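Take a look at the structures listed below.
Next come two complexes built around chain A: one with chain B, the other with chain C.
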Partner chain A sequence: MTMKQSEKNILPVMMPPRARPADKFRLKAWHGVVLAFIAVVASIPAFAAADPTRASMFEVLARWVPLLLKGFVFNVIISMSAMAFGTMAGAALGLGQISLNPWVRKSAWFTTQFFRNAPWLVLLFFAMFLLPFEIKIGGMTIPLPDWLKAMFGLSLPVMANVSEIVRGGIASLPSGQWEAAESLAFSRTQVLWRIILPQCVKRMLPPWMNLYSILTMATVLASIVGVSEVMTLTGQALAAEGGRSDLLIPFYSFVLLLFFIYCYPIARWTVRLEKKFAVIN
Partner chain B sequence: MAWTDDQPMVSIKDVHKSFGALEVLKGVSMDVMKGEVVCIIGPSGSGKSTLIRCVNALNDIQKGSILVEGQEVNDPDLDKLELRKKVGMVFQQYNLFPHKTALENIMMAPLLVLKDDKVEVEKLARQLIKKVRLEGKENNYPGELSGGQQQRVAIARSLAMNPDVMLFDEVTAALDPETVNEVLTAIKELAQDGMTCMLVTHEMAFAREVADHIYFTDRGVIVEHGSPDTFFDNATDPRTIEFLGQIL
Partner chain C sequence: MEAFYEWARVLYENTGINLPFIYDSYDRDRMINGFFMTVKLSVTCLFFSVVIGIIGAWLQSSPLKWTRRIVGGYIQIFRNTPPLVQLYFFYFAIGTLLPKVTNEYGGQEPILGGFAWAVISLSFFAGAYNVEIFRSGIEAVPDSTIEAAEALGFSRLHIYKDITLPLAIRVVLPALNNNLVNLVKTTTLAYAIAVPEMLYEANQIWSDNVNVTEMMIFMLLVYFVLVGVLVWGMNRWERALKIPGFGA
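Up next is the complex of A and B:
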């Protein structure tokens, strides 16, 4: 009552949100150089203790780099194929979660929850040991190599997470979009494919990329089940060098660096997309 | 029994509608003849929006009957898509499709639902854009248009289906005062062209001007109805008088 009109007009809820301080720290290429330098310095004590007659750890590392890179490419291939497979299955499952048929809806929901709340490593073990090493269709024998089984095992949690991304993306649209389209006599399929999904895809993209990043880092789990990816090869290289302890840090640092170089740009890009889409709607 | 246009185009009889335990419509009846403009007014929460949303089966009803051109809406075997081809609807929040331009918004339903020829549909859409006075905005996205402009695109989008009845659910309630009139003008012209309209509105002067019939609802029932002059000047029900006293 005692407030003046001008004071009433500046209720906190009416004010625009305060701009957040600009994101000052961003990793640049030279940060990577610094990280590599720190890794080297950290390994100096082991280096100093080494026998000078043996090859230096950098010479050793340089010798193994081509093989390790090949292993890493394999990780990338596993991650991409698991993502592709998981996305297709997950999209179907996500659409199942909004089905009008209660049985479809409930089983899709259950499948999603089951695989979303299961440890990735356990799913990987299941895939490795439950899938046969080859399948016979008619007269044809299709071999199932370990990496294919690993790909399948990793695509299960991806599927469940994509399912939730799809369901959440669809639910995030205002119901008015459904109502407007239904009022224009669109069928449910038309509403979904012509109106709802084209708008959702943009919103689903950042969490989907995030998931891909997480999946890529999880591909090293395949080393536990014996797939010849970068971690397995690193272990084998170290063993071939006679288990020299001074090599542990440079080798594993190298693997870390590979993943960082691959995943960090994806993370930055995701943040950019999130910011871009946050303004719309 | 075939429907003929001397019978009501929309015939609502003793409609009951509940959301869970909350009964929002408690036996509502009204008839709308072809070419008639009916305004439904009343305090918020009185069930007026729910009522017109039942006409195109966006909401189902628990009891009663709604006939649209003789077709029963309260029927589990109802072909909703056929019904909705005849009944256009415009919403308070416009609900344009944000990923499509104004012209595409108008063209989508005739193309996808009626499967009309693209050249013809585009011609029709451009005519409708002109009709709602939005020439030059054909290729703008909804986000680039003002509320009033968006609402006029929404009206044109509904008209593109060539409906027999148009439902307007508080279509000016979300607009800036200065853009209300452009939308009301579009509706008025539509009414003058002979379109059958059911409007839920809070624009009393507008209701008085365009309506053939006014219904006043309160707490799920129709309290009073009549011609605009009788309704606004000679209301008899105390709830109507109280409402009009607050609003006029």
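Up next is the complex of A and C:
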């Protein structure tokens, strides 16, 4: 493969990344537990002299764990629904970007760039403050709770990123696929749905999963706008315990740990899929 | 300029579209300060994250197993936890452990303020991505080039600084730029710890003037233009530094 690579390049200067030195060690999800434990233990001496009548930080944390877990489940629900919504809208937008109609193509491109360039937090604010708290259609009133607005706000950047993933996936296929399908007299819709997209899905999966993990980590942004997810609940739990400063490290470590346990396997799986679907030139 | 300020005032009086950051000098200063704070935060984080990336990539090629493992652990932890929680962790949890200093008014204040913690937290976050990016670039430099440099009597540091890195930077530039653009977008998180960057100042203005819609649309446009200009500049830079014949 390296021979082929160097023949293809005019200047034989660069080579594909070399394989990592063989090291069996891989970070596992439980290493996060160990690290969190170290962080907690390290903070004990600083507060060892504290009042013995107060509950220890582990008892306090254990008391709040069920609530925090509930909050985290809410984060996961927001991330999943935002992903579903964003994927649907983004797929449509991505297909719009390869449309034959120049107006559709340009407006889809602009929408994608616009929402891709805006920071997630700004888009979240945008959705939170500019959507009404209820919509009246005819005589029916549909309430729009905070979390629904947050979900919508988070799905906007997801939409733009999915759009780019779809466009990139389609562009990554050799043009011979299109030409061969056209010579077999398939219509454009048939080519797209029966030949191009089925091949693209495989290639789009790793970046899509990557995006999901980024989105999951972005759901904590909803705490800034007051949705009662895990970060908000953590802040409230800390306030309910009277703002004890020795509790800060265990509580925040716990939230970090929750996300690490959820996102790290996704990241590992993504890397595995990337290797599996890698296009070898 | 005055005419432009006046135009915004007339616009407000006639249409109700309230843009106080144009006609009101106080709000205008706030907005400008916020913009420069965002730029300052981005540039500082950019610098430190690249430094972290370079050092981390160098450590990752270390012959010591545990050095590699610790750097690997750092990367995975910072990449797989939310940057906002990292920021809170640094600012609230670690910030309170540090000693306090007395300021010029005689009051107690934390030794590191919001800006410093935002820089630390965001640099480590972006740095975790940069390490992997730089590593892939360094590994793209063939052994023969390094051997040739050794034969010419370069020291290990000189090889890294003058031969590996300049070649590697050209290979990693697209990925690096992508990450740096993301970093600029991530600086909005500093809002959460009251660093007066652009979004925070916009929030102050809309709290005072109750013009959320206008400010929100303005914010979207500003970031769109800011990031758009950045992406455009980076793309030009990439083209200028491209190694002929390498890549597509």
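By definition in this document, the second predicted complex is superposed on the first by the 247 of 281 C-alpha atoms of A that agree within 3 Å, B and C clash if a C-alpha of one lies under 4 Å from a C-alpha of the other, contacts with A are read in each partner's own complex, and residues count from 1 in each chain.
Definition applied: a residue touches a chain if its C-beta (ideal position, glycine included) is under 8 Å from a C-beta of that chain, and two chains touch if they have at least 3 such contacts.
If you're wondering where the values come from, they're calculated on a predicted model, not measured in any experiment.
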(message) Output check: A:Thr141 vs chain B and chain C. Expected answer is one of first, second, both, neither. What do you get?
(response) neither
(request) Using the touch definition from the top, say if A:Ser253 reaches chain B (first), chain C (second), both or neither. (result) second
(message) After the superposition on A, what does A:Pro198 contact: first (chain B), second (chain C), both or neither?
(response) first
(request) Could you figure out whether chain B or chain C reaches more residues of chain A? (result) C
(message) For A:Thr189 in the superposed arrangement: first (chain B), second (chain C), both or neither?
(response) neither
(request) Name the contact category of A:Phe114: first (chain B only), second (chain C only), both, or neither. (result) second
(message) According to the stated criteria, A:Gly176 is in contact with first (chain B), second (chain C), both, or neither; which is it?
(response) first
(message) If we count contacts the way the header does, which residues on chain C are in touch with chain A in the complex?
(response) 65, 68-69, 72-73, 76-77, 79-86, 88-89, 92-94, 96-97, 135-136, 139-142, 145, 167, 171, 185-189, 191-192, 199, 212-213, 216, 219-220, 223-224, 227-228, 231, 243-246
(request) Provide the residue numbers of chain A that touch chain C in the complex, in ascending order. (result) 9-11, 13-18, 21, 23, 25, 27, 31-32, 35, 43, 46, 113-114, 117-123, 125-126, 129-130, 213, 217-221, 223-224, 231, 245, 248-249, 251-253, 255-256, 259-260, 263-264, 267
(message) Per the contact definition, I'd like the list of chain B residues that touch chain A in the complex.
(response) 56, 58, 80-82, 84-85, 87-89, 91, 93, 95-99, 108-109, 112-113, 143, 154, 157-158, 161
(request) Write out the stretch or stretches of chain A touching chain B in their complex. (result) 174, 176-177, 179-187, 190, 194-195, 198-199, 280-281
